[in-house]
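The following pair of complexes shares a single chain, subunit A, combined with subunit B in the former and subunit C in the latter.
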Partner chain A sequence: MINLTINDKAVEVVEGTTVLEAAQQLKIDIPTLCHDPRLKPFGACRLCIVEIGGMAKPVTSCTTPAASGMVVKTNSQKLYRLRRTTVELLLSDHPNDCMTCIGTGDCRLQELAYFYGIRKNRFEGAMRDHNRVDANPFITREQNKCVMCGLCVRVCEEVQGVGAIGYAERGFEAKVIPPFGQDLNCEFCGQCVSVCPTGALSARLWSGKPRMEGVKFTDTTCGYCGCGCNLTLRSHGNQVIRVDSAADNHNRGWLCVKGRFGFDFIGSADRLKTPLIRKEKGGKFESATWDEALDYVAKRMNEIKGKHGPDALAGLCSARCTNEENYLFQKLFRAVIGTNNIDHCARY
Partner chain B sequence: MASEIIINVCMGTGGIAAGGDLVMGAFIKELDAAGIGNAVVKEKCRLHKVGCRGFCARDVLVDITVDSHVSTYQYIQPDMVQRLVREHIVGARPVQEWLVGEDYHIFHDNQTKRILADLGRIDPESIDEYLAVDGYKAAEKALTTMKPEEVVRTVKDSGLRGRGGGGFPTGLKWSFCAAVNADQRYIICNADEGDPGAFMDRSVVEGNPHAVIEGMIIGAFAIGASVGYVYIRAEYPLAVDRLRLALRHAEARGFLGENLFGTDFNLKIKVKLGAGAFVCGEETALIASIEGERGMPRAKPPFPANKGLWDKPTIINNVETFANIPQIINKGPEWYASVGSEKSKGTKVIALTGKIRNTGLIEIPMGMPLKDIIYKIGGGIEGDRLFKAVQTGGPSGGCIPQQHIDLPVDYEGLASVGSMMGSGGMVVLDETDCMVNISKFFLEFTQAESCGKCVPCRIGTKRLLEILTRITEGKGREGDIELLQMLAEDVRDSSLCGLGMSAPNPIISTIRYFRHEYEAHIKHKKCPAKVCNKLLTFFIRADMCVGCGMCARACSVNAISGEKKQPHRIDNSLCIQCGSCFDACKFSAVLKE
Partner chain C sequence: MTNSVAEIADNEALFVIGSNTTENHPIIALRMKEAVKKGAKLIVADPRRIPLVKFATLWLRQRPGTDSVLLNAITNAILIEGLEDKEFIAARTEGYADFVQSLESFTPEYGEEITGVPAQDIRQAARIYGSAKNAGIYYAMGITQHVMGTYNVHAVGNLALVTGNVGKRAAGVNPLRGQNNVQGACDMGGLPNVYPGYQKVDDLGVKEKFEKAWGKTLSGRIGLGATEMTGAMLSGQLKGMYIFGENPALSDPNTTHSLKAFANLEFLVVQDIFMTETAQLADVVLPGVSFAEKEGTFTSSERRVQRVRKAVNPPGLAKADLFIIDQIAKRIDGLGDLNATPLPEEIFAEVAALWSSIAGISYGRLEKESLRWPCPTKDHQGTEYLFKESFTRPGGKALFTPVPFVSSKELPDKEYPFVLTTGRELFHYHTGTMTRRSAGLNAVAPEAFVEVNPMDAEAMGLADGQKLTVSSRRGSISLKARVSGIVPPHVVFIPFHYREAAANLLTSDAMDPVCKIMEAKVCAVKLEIT
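Let's turn to the complex of A and B:
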């Protein structure tokens, strides 16, 4: 174990803990922008800088491993000044159109600007103008709002293992782009959107929908497959407007394209709401109750089994069911009906 | 005819640019024409290409040695070779008017040449010539008679510090790496010299590549690395070619490969070309670049000595650092430390440029006073103008003014006045240089070369440059100096890597020593050095103007008018102060105030 002091408070941490994590153990808040505990430390935003006794210059707490006897200061006039300058510099190259930005209320840069009370910026000058519309079907990229925290690049590489985006250019014009600046053409898992701290990356589906005002958050489980990823639905009135996932759940906040963006079926007019039964050959499907439908299925199964034997029946199940549901389904076929004709897309 | 004749032609990049290869060709042709054919050339008359000896301003430099008596010629062009051959080689009468003058000898005699000692003497493309000057003896001594710990201790005792800029004790760094438990270690030579105006590493690799390779072999042995890389700029084609050739020769002689010098030590050295990013000189960015990633620095710790290339312990040293190693092993740490100052031992190679008479590559003992470099080796300021400052350490260094002219040039001395050693660039500035403009020049470079990863460097240097630009354009505001100072300090203190940390140095040091120039630009809208065109008024002196019309043709906004052969005039309401007329006038009739 390692013992160190942060803001005059002693703390004991395990080897490999960063100074930032040690401070978090003490509930000491250090501002960050490029940090995500699920990804490797990056040290780009320079907001989590701290002063460590014996070190000539402030260092980033997210990248510095805690060491025995360290004496750390996370708040001083000097650190405040440096962090404030960093935020001011970011804002000097940012559209600052929070009124109409999709990220409002859910934006770390906005929060920092508020925290440091930056109304008038000392710095002014050129602003990046990427002025490029990405025609991909899922993700809206407003690159003028990019703070180059690198979270999107890292999640794509480290978590998704895809590497669909990377850095290009140098200096002020440095930017994050798909290869050769083409339109994004990936699996559209949207992990990048989920980690973007500003409005630079958002989903097309979110556009024009309520942001935070009047939005309700409901935790649920994704029905797309047996993984059972935890979701947080954002809804407004009767409408689901966004799907998130919290970083502290079992899927660590990561979702796939279906879970994250495939929610428009919920309010779809085409959606089946009751079972349908075709009562006579060539006839139309007619709406039925569950009792009617299940009685009908049970009756027909018994008839077929009685006339042709159990092997005349087969069951095909879905990966969208839970493990428990799939288990019960094969039990029904093997033990109740008496056939091994049971299968589904992920195989028994 | 004399019994032995040696002709050395300077064939460094500077020499070749001045026509060195043409001179070489002319010698082959003229020697043949004079009846000194191939057979004779081999036996009695040897023609050599040699690396840069430092005084590129005088290229093409040719040494003709007749029976051990050396005559050095300067500014030699191919059409001069015939006379050299006829008079000096055949006739034994040196061509007096083409010989170098006293200043050539003053330039060299005030230096202490260790790293550069063999540059200009041996053929960098011949391993035999390197072997003839005790080449690879140090590697053999280290590998066959010393333990790795002894090598590390010897380098520690010598006091050698990293020549790439940081000045970290080399032996100490090696000991850190050797202490890490690992199945694989790497040694990397950083030859990604990117400072504008710097050509130290380039000249060493071009002029004596085997010394660098030998230094790497010894370093690899000391830390236990079996694979080495030389990360070298692709913009140095001659250095790359000579390095690759030297590696092939060294491999062929068994100095690289397996079981070196009959021991069980193996070493393979690979060449990795840099693609032109200044930031790749930063060691973690360099490692990322070798790994095939974008050259972006990462936070330290972990230091490369613990976790470097492919996450294995890695030592990265600069070209000059490695070139020092063989001499330390051969001659001992005491010999090495006999030259230099208290905390900075040995010599330093410096690229001396700017407004100085003798520009070129020099090597000084650490601690040499600045004024000796400028007035003895450098021969003083060009045109007898007034010395203003010297910029050391490249774009990330600082400007040192007249009042510190006695400063000893070593790591501590330079740091004490707000500058740094850096890799060893030294640009001399005189009274015609505007310090605000100089800051702007260096910021333009560092700003464009920022990798863009961290905020203070990416946006901060841009804003610094913008403030400097508006000051030089007469749009400076009250409070701009304070804003510059404050932002410069913040960028210095919160950037991720050395590039951002040191990029504001030119601003901080010029405000410290030349604040009045900033004030003149901002308050009085004047550029005292008459450099910032936007603050100047251009006019034509009627008594000097011959009416040639060159200025009018050069003017892009048609602000100049006048009859042929009559004095011209500039309409200042149209003039955009581009300065083209000033440059175009051959009669010094265009003035700026």
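Let's turn to the complex of A and C:
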């Protein structure tokens, strides 16, 4: 174990802990932009700088391992000024369009600008012009808003193992692109979108939909495969508008393309909206009320049961529906109809 | 899964067989990639060069349908090399001597002859899997959807038992569940032979327990399995069906046969969210709701029970499925208050009282956490992996099961010279009712295709993207060729998501005699350029 002091508070941490993590153990807030505990430390944004006794200059706490006897300061006037300047520099070539930006309310850069009260920028000058149109149906890139934190590049490589994007050019022209600047052609898991701290990466499906105002958040479980990923559905009125996943759940916030971007079927115009009855074989479906439909089903099933016995009826319940529904369905067949002719698609 | 997903990252060796994990369980695959990054060795056994092969230490390309021989040969090689866990075998298993005898003929060389995997690779797989301190096996429908599917699963189990890789952390026998709640549908008794919690319907004591709980006389006769229902519909034994949230008219192997069966029914009710291929055959269609419009729980592959919560209201007159099922039950029975609908949490509590493995789980607890069963008491934290102390057999020991060589039912011949294997792709889910209505997904994966090896393509004069007619003894579909080394020569692959070129019109409904699964992974087809 390693003992160190941060802001005059003693803390004990295990070997390999960074100064940032040690501070977080003490619930000390250090601003970061390029840090994600699920990824390797990177040290790009320089916001997490701290002063360490005996070191000449401030160092990035995310890449500095805690050492015995360290005396760390995270909140001096000097650090405040340095951090403020860093944010100012980031904003100096950032489109100041928070009013219309899709990231508003969900943007760490915006929060930092607010925190440091940056209204006017001392570093006026050229703005980048990296914008391009993406033809892919999932991910929109607004690279003028990129802060080169590298989170997207790292999550794609470290977590997804795909490496679809990388850095190109240097200095002011530096940008994140797929090989040869082509459009994205990847698994479209959207991990990159989920870690982007600004509005640089967003989903096409979110475009034009409410950002925060009037948006309801519902924690639930994905309805696709058996991984059981936790989802947070963002809805507005009666429409699901976005799917997220919290970083502290068992799937660590990672989703696949279906879970993250495959939700528009919910509001599909094809959804069945009324009970339908076909009274004669080969006839047409006709709309019915619930009472008509339910009574008709009960009547026909009772007729079959009465004439041919309970084993002339069978049910298929569903691997896509809830436990409670499946339980009630098999109980209906076993206890009410009186047959064990009940199965589902576990074998398909 | 005997073990949990997070443990995968700590496996020293992983053996993935018959699972295209990155496409079908993408988030579970992330843990596999993490394990490889941490230094674990990954063996992938699949006739196709699936994306996971890129991360593999060793790729075994067995001929479709020869999985059990491959597994037997690897187990045999483990014994030859002396890598078995003698202590575990002695303390925790039964039937070992007979099993060893049954393995005798499955030498690596015999394995090579049958599976096409070089004997030296079989030996290397044995060394990697057998010498790891803890190794997990991960499989899916590539193992089960065969006429010898039950044997394949036994062969997987034998391999894990011989090396003592069950009942400990970061190891195990792990079937990956294809749908969000296959685990739950099984747990809840959505099976013809068991009540909720895998309690047998033909066990008198169990039957009495449920008769008392439900206040009804119950049938002790094992019911028909889904795959047997087709035959029963055709013979006239089955007259009426109620299908809830399933689309067998597209997912059933040999669909033409099942369509005839459905047409033979006197009465069919389908409850779904879309007018599926199955709903189109119904006499009554009841509009249910999607996962975003209801309250309940799902149970994931790792036995994790989790809440599903309502975010939006259903469209039109669509009603919560629980309401519909409850109403039908009450109206058939002529009993019960039609103005009352049971709450999901009350129903969960009812099951928890009937099945000890979830007795400790309640909506109150699920509000704050998710729990993996067994979770028998209110203060139990759930179970990370199964069989730590003992197995669920009388005596508590695991049983080795000798696995003979069984051939696939339909092998290629002169008329139908190719093996067809089916599966899924990343961008679609099952019969596509949801994903094909999601614009982005349908834009990147808009149409069906058949993968053909470049060697076969050249022999046929077939160009990439050209239209092909693929026919089996049961049907014929037309779709584009994707010329690709993903499939080996003489094997073609078709994803089954697409109704306009439904792979299951071709697949065979030959059945595993024990678990009644159909042989969707192997049948014989011919290709014609159109």
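Here, the second predicted complex is superposed on the first by the 271 of 348 C-alpha atoms of A that agree within 3 Å, B and C clash if a C-alpha of one lies under 4 Å from a C-alpha of the other, contacts with A are read in each partner's own complex, and residues count from 1 in each chain.
Everything below uses one rule, namely that contacts are C-beta pairs under 8 Å (C-beta built on N, C-alpha and C of every residue); 3 or more make two chains touch, one makes a residue touch a chain.
Everything quoted here is computed from the prediction, not taken from an experiment.
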| item | value |
| --- | --- |
| Touched partner set for A:A335, first subunit B, second subunit C, both or neither | second |
| Partner chain in contact with A:V215 - subunit B first, subunit C second, else both or neither | neither |
| Partner chain in contact with A:L26 - subunit B first, subunit C second, else both or neither | neither |
| Contacts of A:I118 with subunit B and subunit C, given as first, second, both or neither | neither |
| Residue contacts on subunit A - larger count, subunit B or subunit C | C |
| Touched partner set for A:C98, first subunit B, second subunit C, both or neither | neither |
| Subunit B versus subunit C as contact partner of A:I2, first or second or both or neither | neither |
| Partner chain(s) touched by A:C227 [first = subunit B, second = subunit C, both, neither] | second |
| Complex contacts: residues of subunit B adjacent to subunit A | 277, 279, 294, 296, 298-299, 301, 447-456, 458-463, 466, 483, 486-487, 490, 493-496, 501 |
| Subunit B contact footprint on subunit A (complex, rising order) | 41-46, 49, 57-60, 63-65, 78, 81-82, 85-86, 89-90, 92-93, 122-123, 125-126, 147-148, 150, 166-167, 169-175 |
| Interface residues, subunit A side, partner subunit C - complex | 136-138, 158-161, 187-189, 204-205, 216, 218-230, 233, 235, 237-240, 250-251, 254-259, 261-268, 270-278, 281, 285, 290, 293-298, 300-302, 304-305, 307-308, 310-348 |
